[in-house]
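Next come two complexes built around chain A: one with chain B, the other with chain C.
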Partner chain A sequence: MDSDEDFMSAVSSEDDILPDDSENEDMSGGEDFDDFDEPDPDLGISKDFGQRKRVAYDIPFQVYKPADIQKQQDELVNEVNMILDIPKGEAAILLRHFRWNKERLIEDYMDRPRQVLEASGLALEPASLPKLEVLPGFMCDICCEDGDGLESFAIKCGHRYCVDCYRHYLAQKIKEEGEAARIQCPSGGCNLIIDARSLDLLVTPELTARYHELLNRTYVEDKDTLKWCPAPDCPNAIECGVKKKDLDKVVPTVSCLCEHRFCFGCILNDHQPAPCELVKRWLKKCADDSETANWISANTKECPRCGSTIEKNGGCNHMTCRKCKHEFCWMCMGLWSEHGTSWYNCNRFEEKSGLDARDAQAKSRVSLDRYLHYYNRYANHEQSARLDKNLSQKTEKKMVQLQKESGMSWIEVQYLNAASQALQTCRTTLMWTYAFAFYLARNNLTEIFEDNQKDLEMAVENLSAMFERPVTELADSKLKVELMDKTSYCNKRRIILLEDTAQNLADGRWTFNVELTGSAASSGPSNRA
Partner chain B sequence: MSRSFANKRLAKELQKINNSLPPGIELVSAENFDEWTLDIRVLDDNPLYRGQIHRLKFKFGTTYPIEPPEVTFVNLPDRPIPIHPHIYSNGIICLDLLGQQGWSPVQNVESVCMSLQSMLTGNTKNERPPGDEEFVRGNRLRPKDIDFLYHDNTV
Partner chain C sequence: MSKRIAKELSDCTTSPPPGISITLPSDSDLHKWHVTLTPSPTSIYAGGTFGLVVTLPPDFPFRAPHIVFSTRIYHPNVTNDAAGNICLGLLKDENWKPGSRLRGVLEAVRGLLDEPNPDDPLEPRIADEFRREREVFDKNARAHVVSYAKGKPSFVVAAPAPAASGKEGKGGKA
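On to the complex of A and B.
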């Protein structure tokens, strides 16, 4: 697999920043992906990237619907069926046994067909076909039952249990643990996998459907280049060439036909520009420190001037106290008037206070302050994205109403939807820029990053503020144009930030204050996220 | 899966336990098929556990023995939680045998007790797992919902 480097150089060799640069070449051919285990001639991913631009944060991928996945499987089964002259049912068993690596199966089978068939549980002699047996003097080690006529079963290792226990065991594996193609012998320490023919004999009718569904899923699960879309009830799979070892160089966000955007590396929701390892550390840190930090993300705060309670109802950070009309920033509680010119104060933590820290106590206070600084902003964008979403749902209702009254068509009001989408995506990006910045050690690039962050933040707050206006105002054609401009400006700022960050990541130009490669997993327990 | 499957097996185990248990293992209570307690002690002269008896609590789900029981050490005035690099000070045990992956339905209460006994017998380290304090403070999960990394299979 030496061609992984090809992939990385494809990602990093393009110096263009904006995707609307017409000089960008199209992705031509599939040469960057020739390391796929099985190049599927009909569904090869290359042709679908014809229009994609090669930019560092934009990772090539391909979405497959259930029918596509089935077709690929069927094609492999047919090929093996033809080349090796084996019935299709058995070809499928062999392919699953070889984790869908067709080349290796064919090679091994040509060399020593008998062993391959036996290893896959497809022994030819009728005497060795799996069957239930009643053996005199047998006692089951699971239920401790004995007695005449107790039916029992064993695979080749000879670990024999009664049929009832075997079925309980399989039900647990299939129904609760979602295993099918690689269920092991129930005996402790025996790793022998229960073969397909034995399972056909033992799996009870009420489990058959689930069992076959799970078998079908192995096609995607066995291939490193394929992953299921994690959105609830989404049946699609995504193919992407990014390898685990590339994850310190690239953040592979993919998006499904169902519109769910997620990271191909760790399956979490889109977290560009922060690399997977930082995301993992950050989420763990937030979970560990949640009690300390909880108060910050609360929905209500007191007005810094008159002390009356203010509730945040939209995503915008510009707060106006209903009682005293004091204007302030929700994030830092500072005067809003100061933010117009110096947003800088609000996105960047002043590290210099660390120099004043004299003793250990003061230092730990500074390190907590530093964490809270970034967490505060991270949590704020997370919350704002949620509030913006609520707002957009409300807006949508109003739009329907307005459509009726003004006679505007549904297409004509889609600019609101576009604005809401932009707010969501940009807030998500902003959110992760703060986790990213938390782990970033200062060098000559961090200032550019902070400027980009600041610009995006300003663009987002502007759009968010406008989005909060009453729908009747937004229907005005002048405001409509302004909103559309602000939307596209937001998207543009996001692309600039992502492109710059991804390019530097691919080139290894960032310095982090933690190790990016080799997971933080040392020992002991980790809570399931 | 019906409760009766677990109960039938536990009844058989109880019958056997009442007849005999290996030295150093004693049944304390088994009033129902949900929860049993047993005492174990180390048989040799390991200075770490000399003169100590430890209380184990077994909780059985309806899927026992297909799935593992929940086994923890209980802290009582005369029953300390044994010090061991795989036993947290709140009694939670990091042992692959008790996890989804390492468990086999062929295991039983007696075999689990014996494994823990030998895990203590073989130990020479007078220490808790790394991150014990943090884990004990922060953990609110049931043992079976914790992903332990079985970093060391020598114990």
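On to the complex of A and C.
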């Protein structure tokens, strides 16, 4: 790729990236595809770590609107159309078959055109325009109708069916099964793919729209470097060169034109600085019942005879199981009868089974405390971020009010919006620092991390407190300057923290309590991370 | 589409494929077929007679027919229970083509009795046995024929074939 410089200029201000059409052609070449065993051409990720120390947490990406996506496809189709002298409709089918790898298509086609055409469902004869025909004595093999004047249709394989059956078949494929690029001839055992022009002829207008939408989808879904923005109703796609196998080295947060910030690796909302694998584990840990189990093991014991779970609810160590009436000592779990009269001073403390039980309990308690420490902070920031969001919805009102009261212009009150944005982003980052820290094994770098975390947290809390003051106070020009200073300080602290964590992650200097190159760093089925 | 079904039915009854005979449990319902299957003489199941219940969905032939064994059979690709579900690629909705013929499908089912497909099993244990201990498999298969597949087949299946409503929204990709 030759567009690193372009990318860099784009990421320097991530909030106002506009798709630059002049770059689009750059994206068409050099990508790899999973099903072709080629070494991954480097899209500049590892290179960037060396070059771009200043913004290690920030990765290059590009947003494409639907028109851009269409344009890219059209350009590829035109190129293939010109180079190979194949009609556009067939060029598109071939490109889809080759998952939009133009180079490979051209190479393969030059070598063995026959096999390529057959494999992608295109027969050999030059295409004649598809048309409906009325043939004498025709009977449709699907519905077995044979009326005079029955319109019929066949693609090149010659399997002919009446137009109604053909339409029914296509409607089912397009509408219900969401298929578009690879609909085969309705004949059993015939793998010929129905080309775009035949579809244009056959499907009803409302279905054509859906069909083209599905074709666009295959373009994005076939390419590993493209992903849809997951925000509801957002039609944009994002291109990013980060590979699944890089996800233990980088947290690829991207931001769409719709302002949704998400991780290109796992499609979840922005979770810097925590890598995808940790996020996945953390969310699972927080969602499932494992902590309930921890609580049980920390706070209860099992009756040594019947195994019923018992929570001690009084001070006396003489336990009688409600269920089996077994009497035992809560301290040592031994038989109560052996304690004689010295029950107040458990004399079997050193006994091994009792020791083991106590060890397990202590360990469990420590791990629970540790988890709760991080979880509470994580959850707290999550909640605060939500509240800040509500606040930001009120910000606009605040801004209008401020304008009225202070006589400032709309531009002049933008600092409130900036503060609100900063609060939300920083809170999200803070929230994930706690999930990150939970899995972080102590080494000499963790202290720096914790200092950064603390500094960011303090900056955020200061800003947050100030932001909640009444508008009348905020109009004061001294306070305005202070608020702006605090906002920029917050953003700066966040960047310092992200840079530090991202750089160390890229250099492999963190050690985690869990395996980061685990089996499921992302949601994709074929995982190489 | 009753024309198509009528044609398929007459195809299969006037010149039935080898080892296959069809009756309708109810003359008014063309969507339910009872098939009596006689394996080829070389099949390990030779000597038995098997019942198949074919249910054609309302939007047949745009959706695959549903076929189950109503006779218990010891086979890697058929559930070893009273439901008798079959694993056959041709019968899966995503592979089904409206141009496919029932005749071909029934022949394919009969073909399964000659050549089980252990690579795509419904009963992994039986598939494993088929691959590794063929003698044991053969013995079990024959024993099942003796216990279940002698005499006139019954057409009672445990779980009724799903009434192919056909409108399972697969719109998840939207």
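Here is the rule we use: the second predicted complex is superposed on the first by the 309 of 529 C-alpha atoms of A that agree within 3 Å, B and C clash if a C-alpha of one lies under 4 Å from a C-alpha of the other, contacts with A are read in each partner's own complex, and residues count from 1 in each chain.
Just so it is clear, a contact is a pair of C-beta atoms (placed from the backbone, for glycine too) under 8 Å apart; a residue touches a chain by one contact, two chains touch by 3 or more.
Treat the numbers as computed from the prediction; the structure is a model and nothing was measured.
Asker: Could you tell me if A:168 is touching chain B, chain C, both of them or neither one (first, second, both, neither)?
Answerer: Once the two structures are laid over each other on A, A:168 reaches both partners.
Asker: Which partner does A:260 reach: the first (chain B), the second (chain C), both, or neither?
Answerer: Neither: A:260 stays clear of chain B and chain C.
Asker: With the two complexes superposed on chain A, say which partner A:71 touches: chain B (first), chain C (second), both, or neither.
Answerer: neither
Asker: Just to be sure I read the superposition right, which of the two partners does A:178 touch: chain B = first, chain C = second, or both, or neither?
Answerer: second
Asker: Let me test your reading of the model: by the given contact rule, A:142 touches which partner, first (chain B), second (chain C), both or neither?
Answerer: both
Asker: Find the residues of chain A that appear in the contact set with chain B and again in the contact set with chain C.
Answerer: In chain A, residues 141-144, 165, 168-169, 172, 176-177, 186-190 are touched by chain B and also by chain C.
Asker: Where on chain A does chain B make contact in their complex?
Answerer: My answer: residues 141-144, 165, 168-169, 171-172, 176-177, 186-190, 288, 521-528.
Asker: Provide the residue numbers of chain B that touch chain A in the complex, in ascending order.
Answerer: Those residues of chain B that touch chain A are 1, 5, 8-9, 12-13, 16, 63, 65-67, 92, 94, 97, 100, 102-107, 129-131, 134-135, 138-139, 141, 145-149, 151-152.
Asker: So in the complex, which bits of chain C are touching chain A?
Answerer: Chain C reaches chain A through residues 1, 3-4, 6-7, 61-62, 90, 94, 97-101, 104, 169-174.
Asker: Within the complex, which stretch of chain A touches chain C?
Answerer: Spelled out, the residues of chain A in touch with chain C are 141-145, 159, 161, 165, 168-169, 172, 176-178, 184-190, 214, 217.
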